[in-house]
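Two complexes are shown next, each including chain A; its partner changes from chain B in the first to chain C in the second.
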Partner chain A sequence: MQPTPTNNGGLDDGLQSQNGHDRRLTDEEFDRYSRQMIVPGMGKEGQLRLINSKILIIGAGGLGCPAAQYVAGAGVGTIGIVDDDVVETSNLHRQVGHATSRIGMKKVDSLITHLQNLNPLPHYIAHSYPISARNGADIIQNYDLVMDCTDNPATRYLISDLCVVLQKPLVSAASVQKSGQLIVLNCPPTPQGLMDKKYPPCYRCCFPKPPPPTSFVSCGEAGIMGPVVGMMGVAQAGEAIKILASGLHLSSPSDPEVERNLIQPTLLIYSYDLESAVGPYSFRALKMGSRKKKCFACGENSPENLSLEGIKNGIPNYDTFCAAPIAKVSLPQQDRIPAAEYHDKKQKGELPAHILIDTREKEHFSFGSIDGAVNYPFGKLLMKAALIKRDGGDGDEILSPISARTQAKKDDDGKDDDTPIFVVCRRGLDSQETVEKLKELGVDHGGKRKIMDIIGGMKAWKEKVDPSFPYI
Partner chain B sequence: MASKEDTPKIPITVDFSGGLEMLFSNKRRHQVSLPSLTPEGQPATIAYLIDYLCKNLISDPRTDLFVLDGHIRPGILVLINEADWELEGEEEYEIHKGDNILFVSTLHGG
Partner chain C sequence: MTTPKPPPGHFNILYFASAGSYTAKNVEALPAPLPLSELFGQLEERYKGIRQNVLDHSLVTINLAYVDVDGDEEGDETKKVVIQEGDEVAIIPPVSSG
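So, the complex of A and B:
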């Protein structure tokens, strides 16, 4: 335990002498930060603490961009950013720290360009490679506070575990489609395994098990509203500034002042509704539990489970823990046709009359599709399949939402409709699963009816057949 | 044992968030009248509510997106009157009149 600091009146005195932060502000600093320094509780001391702090932002995307802007604007002295991606046009509706003129540039460099323009005073550090179990500790240990602005469960568990062992506060946010979440973890930083009173939770305390990969969607697939993710990123910056300006990151949980400052761990959730646009916005602040005795990373026996050495050497294994989504089906070759071959054969009239099912979401479909395609979103199809399975019944029923013909023909002459089916999706995974699902339901009539997957989906169609196709 | 019709009902509000509303008629808030006793005559708990929702309220037949192996699927938080269910006894918590139960799917995008 650290010795208890003596003078602790609030944000404007506190830990300054302990850190040797008592200096005059430069004229430039005085001018630039004046409007936030006059806010009660902030003052010169809070500002000096920010200037002497080092913050690490992991992810330079929809959360990282707005978060970084406010952290840089507020004058946090050292700002590190981790990301190995490059700027794409489809990022720009939400990743407002990048620019049209910087498409193709590394996100880290693009964002730092923007931040330097906003505030040249902080020291910016570019980590333009992905964070991993190997390099994670070496990066994080140089900083005072970490902001998790990443986009997948495995990285989120890794970052939290490293922050527990290295005793760094973690401000974590996430957002997809129309929802956002925010929580402050490990703050004040508390040694692993301490259980004698209420200590702050880590990510695993709140979310002990990752979701099954099948239920996990990314912004690329499900979409994301800019203001929703932006709001969460800005809120992250707000929490980080609060912690650094008050010196909470330098304290230990045994400080009496800290005890007074400890508040209920809170998960903020934001739900945004496009269907009832005039309805109320919904922010909810939910009470979360404190450190859990049984927590793998910070609980009673956690030092046996988790160490820097272990993490570096692949223990635990974050990929298997979160079982990253992979293609589950791979159809035999005879059930598949390349996009270009489908196109050529159709042009030459070599394809029989067939049904072409496009399983993308209706929003995707609405921008364009292959001539003659009918839209049957994958989710709806799975739902229908589950219903047929539950209630029993004719597998061909699965086609009823898109083709009245199938049933009618069967009734007329008692024969099955063997019109071949082709399936296309966005990138070629859902379509394979659809083919498999249809066969499982017996829609192939024991092999009499051909059901084919168009390899690579509309992505391949754009690349190989029609470069002007509006693919999202 | 009381028959189903005689069992008094507990009026509660059940909310879904983080995308889970898609499984429940795409509605974020539902007013639910939960039988106060289980068929076995036990007081209605969160465990019973989860089972009840799976049998009576869910509109999507893919119930495994909500329940796995008889328990709430990993990656879903349950909040009882705005507090993590862990603070209230998790599945054992006995439902009271007017309770607000929120199911939130945890998000990972960014």
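So, the complex of A and C:
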């Protein structure tokens, strides 16, 4: 098969063969990859580039599984996978590279089992430990392209920084709940600090500031729809295959061919709307900027900020950069009650009539709750509190959204209602903040009304009171 | 996300991911024209705390193209950007999970 000469910037024009790029395909390869090789722009050249490429997939979860399937199917020669997790039942609705029969197995081993079945030709490398500032460079430097399929901000910044310094293209995808994002970064790979013309951005160029830890939600917390993350993982594989087959990863930004092929980087956004079943599919392709002059990792002065040595020795510190000024609520002991004690006292009739507010999201609440609890999701409560503060209303107004459900306990004589309030949430943090918020608004009527936090939330309830409680 | 055309004298603003949860909206129409440099202030007025919790780490696009809200890249260019009637602005916080 001779590649057809093209002059339209297709995949097989451009870079001339690298090592091994002009060998014959084996019969097996010829057969296995025939349907993609006959696609215009791909050809034998593109296929050989894939076979000679090494790709690193970091994360073997909702993104990594679908991404790895297509990368393996396409015949990328070496596929490394990093993950230290084990397969759990709750992964399987979206992590299609695992199986019910492999629950408890390391994800890396489970996924490679699946991939070997799909295509035994690639060389699979298992990295069954977490990627870290210490080991990151040693892993990444052996590969041609990195796919970020991870699940937290600190690791995303680490991977992007390493890819900038090691000059590896990075295909980055992310997804939570009902939305997904995909962007190709640092491609073609460009030395740190070059600013004389337009160069591709890195992750920090797009998102220089990490989200505050309070706003970061994991799929375990917020939930995730399988097809949404699957779509992003598949699209991610598509971009990676395109880059490797065209040889863009081996090029430098000064190649005239590359310059011609270099379109503006695009951020793909997918939003999936459960509320409008027949609504339009929503993809948006957003034109992104190029490398930023002030970027910490790749901009003008970046070589002073960021080096392999530095990263290895903890500079910058990714955990403090992205983290965790832990929600600093420390309620006094008298405002808190352990879940088990609440239960016991209630059973024995030692608790006065009270309002029990459950601040979990309504989906969590729908699986089960403590008898008599009313649902008032934390986010709604915060919004309501902000509105009351802004408009200077009566603090007790905060309870109006649930007043219909608690009316029976209200006094009608115009006096303040001092019915005690108990607050429970999922794990015991939001409930403390809620108690604080309510007191701040004066709902405790200067101490006349008790407002108590149930320690440890429904998680503690399941552990200490009712093991059969359907906690998610 | 369905986006109705904004009424005359307005632009649409789309709230993605955590911006959507914070405002409890996917989209709304705001009065145009509005200088880009005043957008975050306007939103903060409507949604107290949104700046610190969402906007400061989000990226912003106008008509599907990235704009630099901080304005520290191309000199004073950003200060001159004005959101016009009929524009589509999007607030895009990073998503990290997978």
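Keep this in mind: the second predicted complex is superposed on the first by the 440 of 472 C-alpha atoms of A that agree within 3 Å, B and C clash if a C-alpha of one lies under 4 Å from a C-alpha of the other, contacts with A are read in each partner's own complex, and residues count from 1 in each chain.
In the analysis below, a contact is a pair of C-beta atoms (placed from the backbone, for glycine too) under 8 Å apart; a residue touches a chain by one contact, two chains touch by 3 or more.
Here the structure is a predicted model, which is why all the values come from computation and not from measurement.
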Touching partner for A:209 - first (chain B), second (chain C), both, neither: both
Which superposed partner A:156 touches (first chain B, second chain C, both, neither): both
Which of chain B and chain C A:240 touches, first, second, both or neither: neither
First, second, both or neither for A:293, with chain B first and chain C second: second
Touching partner for A:284 - first (chain B), second (chain C), both, neither: both
Footprint overlap on chain A, where chain B in one structure and chain C in the other make contact: 59, 61-64, 148-153, 156, 173-177, 179-181, 206-212, 215-219, 222, 224, 229, 267, 269, 271, 273, 282, 284-289, 292, 383, 386-387, 389-390
Chain A partner contacts - residues on chain B that touch it in the complex: 17-19, 26, 28, 60-62, 65, 68, 73-77, 79, 82-84, 86-87, 102, 104-110
Chain A residues touching chain B - in the complex, by the definition given at the top: 59, 61-64, 148-153, 156, 173-177, 179-181, 206-212, 215-219, 222, 224, 229, 267, 269, 271, 273, 275, 282, 284-289, 292, 382-383, 386-387, 389-390
Touching residues (chain side chain C, partner chain A) in the complex: 1-2, 16-18, 21-22, 24, 26, 47-49, 52-54, 56-57, 59, 61, 64-66, 68, 72-73, 90, 92-98
For the chain A and chain C complex, residues of the former touching the latter: 59, 61-64, 148-153, 156, 173-177, 179-181, 206-212, 214-219, 222, 224, 229, 232-233, 267, 269, 271, 273, 276, 279-280, 282, 284-289, 292-294, 379-380, 383, 386-387, 389-390
